[in-house]
C-alpha cells in the first residue's frame, strides 16, 4: 500500500499526476490518499502529524511524503525506513519525528534521477517513481546510498502548537496523549480548556480536549468549530496547565 | 461496489483511513466516493440526500454512511437493507427516508466490535470493517441482530428545505420532482422562482428550479451561483407556490 | 488509463457518479482525477490547460473532459483523437487547442444515446459511458460519426491570461514557456515580474515567473500566494515586456 501525505491540495493536477506515475510504475499497488492538505510548505508541523498518522498503517506500507518548499534547491531526497515502513520525500525535517521514535531507523539519499526532472515538481518526477519502485519490491540501495538525515535536535519530542485544523474545525496539536493526564487543562486562544472523552460528553458550544483516534491531543467544540470559537490556527501555541 | 456517503470533508485523514480499512478488509471491491461533504453533523438533511442518491446505484451496492455527531455516546450502529442495497452507519435518522421508501426493509443492530475501538472515529473502526465484510459476502446476521431503527415519524416524506449546496452554488432541496408540476413556482430567499428545463433555457443571472439528475428539486442560476444570488444555505425554507 | 478533466468540483456527488459509471463500463481501467476544478463553466481557459496537461499523459490515454455550461442545449458531444490520445466531451471549444496543435487530428460527433439521458448531467449519462466504452477498446466509429468540430479561430495560439489559480496561490497562464525568453518580464496586477528558475531562487515574498512542470508560464511568490499578493484571478490579463 502506498500512502500519500502531501501539501498538494485537493484541487489541481498535482495529486492526479502523482497517481498516474504510481499507477504506471506499480500498477497493482493500491494508493491511499491520507493527507493532501498538510500545512503548505511547513515541514515542522507536518513532521508531528506524519509520526502520529503513519504509525496507524501496517508494516511494509510506503509513505510518499511531499512538503517541499525547497524543491529545486540543493536539499536532498531521502528514503527512510522506520518500524517496518518506508518513507520517501525531501530531507527537510519531515521525517525527524518518525526517525526519532523508531527502534532502529535507516536512511538513504536518493541518487537515482529520472530522464526528465522538472525544477519544481520532484513529487511527481522523483519521489513518486522511487515510491513506485519500492512498492514493486526494489530495495532502497538500488536507488539510494546510506546517509544520515539532516537533524533537527531543537525540535521537541512533542510540539505544544496547533499542527492541523480539520474539516470540522477541530484543532490538532503536536502533543501525544500520553503527555497529559485527563485532569490537565490546556490554555489556548485565551481559554482554559478541560478534558472530555467524547463530543457528547461536552455541552454544545463548549471547548474540550481529547486524545484523538491517532493518539494526538485535539481541541474540539461540541456542535461547533473550535478553530473559530477558540481563535486557533496552525502555529497557535498551546500551554499545558497541570 | 462500496459507496461512501459522509461528512468527513475532502481534506484531512478521515476518508483516507476509511479507504485503507476497506482495502484491507475487501481488497478487490471498488470504492466510490459519492459525498464527503454532506452537511456536517446533520443527519436530517443528509437522510433526504441519501435516499435520492442511493437509488441511482445498482442493487447489491453497499453504502457506508457516516454523519455521526453522537459518536461515542450510546447511539447504536445499524446495518439496513432496502431495495437490494445495504447501508451501514449510525442509528440517528440517516436511514429514515431510505427505509420509509423501501418495499420491505430490514434492519440490524451491529453487535460486532473491533479489537480497538476509538471513542471518536467509529467510521474507521466500526462501520468501515462492517461494510468491508458485507462487501466480502458476509451476512448481516454474522455481525448484527435484528432490530427496529429509531423512528423519526415527524420528518416529512419530502423536506421543503435546502439540504445541500453544490460546487456551482446550486441549492438542492429535500423535495422530489414528482411533488410539483412544472407550472409551480418556489418561494425561496424572498424570490418567486419559476421552472426551467435546462440552464440554457434560463436567461443568464436568472434563478430557476428544475428536477436534477437524481430526482431532487434544485434551484440554480444560469451562469451564476444560486446560493449567493438567492441567499440560500442548508436549512433555508422553501415554499411551494401552486 | 482514463483521465478526468472537469469543473465538477471536489465536493458533491458528480465525480463519484462518473467514477461509478466508468467502473461499471470499464471495470479494470484505472481512473486518474487530473483536474476537478477547472474554472467552472469556462471552456476557453480550460482549453489551454487541457492542451498543456494532456500532453503529459501516455498515448492511448482517454481524457474525459467536462466543462459544459451548455448541457441540455443543442451543443454536440464529441470524440476527438489527437497525438494518439482520445478525448470525450462537449463541442464548445474545450478541444480547440488540443486539435490545433496535433499532427493529424480526427473528430466524431457522438450519436449514441443512453437509455436514460438527464437534461443536466451529460458528464455522467453520455460522456462517461462513451469514455468507458473507448477504454474497453470500442472504436469511435461505433458510437459516433466523423465531423468537424466547431472552430474558434479567434482564440490565440497562446493566451496571455490567467487560466488557473492553484492550491498554493500560483497563477497559471495560457502561455507556453517557449513564448518568452528568460530575460522577459511579465506585467500583471500592476507589477513587473522577472523570471526565476525555482522558488528558492526568489527572495521570500517576491513574485517571479517560471515555466512550470507542464510547460506553462506560471506566476508564483516564494513563501506566499501570488494570487493575493499580485491581485490575480482567472481571466486577469498578462502583458509580456520584452
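Worth a mention:
For clarity, chains are labelled A, B and C in written order, and residue numbers in each chain start from 1.
Keep this in mind: contacts are C-beta pairs under 8 Å (C-beta built on N, C-alpha and C of every residue); 3 or more make two chains touch, one makes a residue touch a chain.
These numbers come from a predicted model, not from an experiment.
Chain-to-chain contact here is organised exhaustively, every possible pair of chains being in touch.
The rotation that brings the Cα trace of chain A onto that of chain B spans 120°, given to the nearest 5. The mean-CA centres of chain A and chain C are about 31 angstrom from one another, to the nearest whole unit. Those residues of chain B in touch with two or more other chains are numbered 10.
Every residue of chain C that touches chain A in the complex is listed here, in rising order: 1, 3-4, 10, 30, 32-37, 53, 56-58, 164, 166-168, 197-201, 210, 212-214, 223. Those residues of chain C whose C-beta lies close enough to touch chain B in the complex are 8-17, 19-20, 23-24, 27, 40-41, 69-73, 118-121, 124-125.
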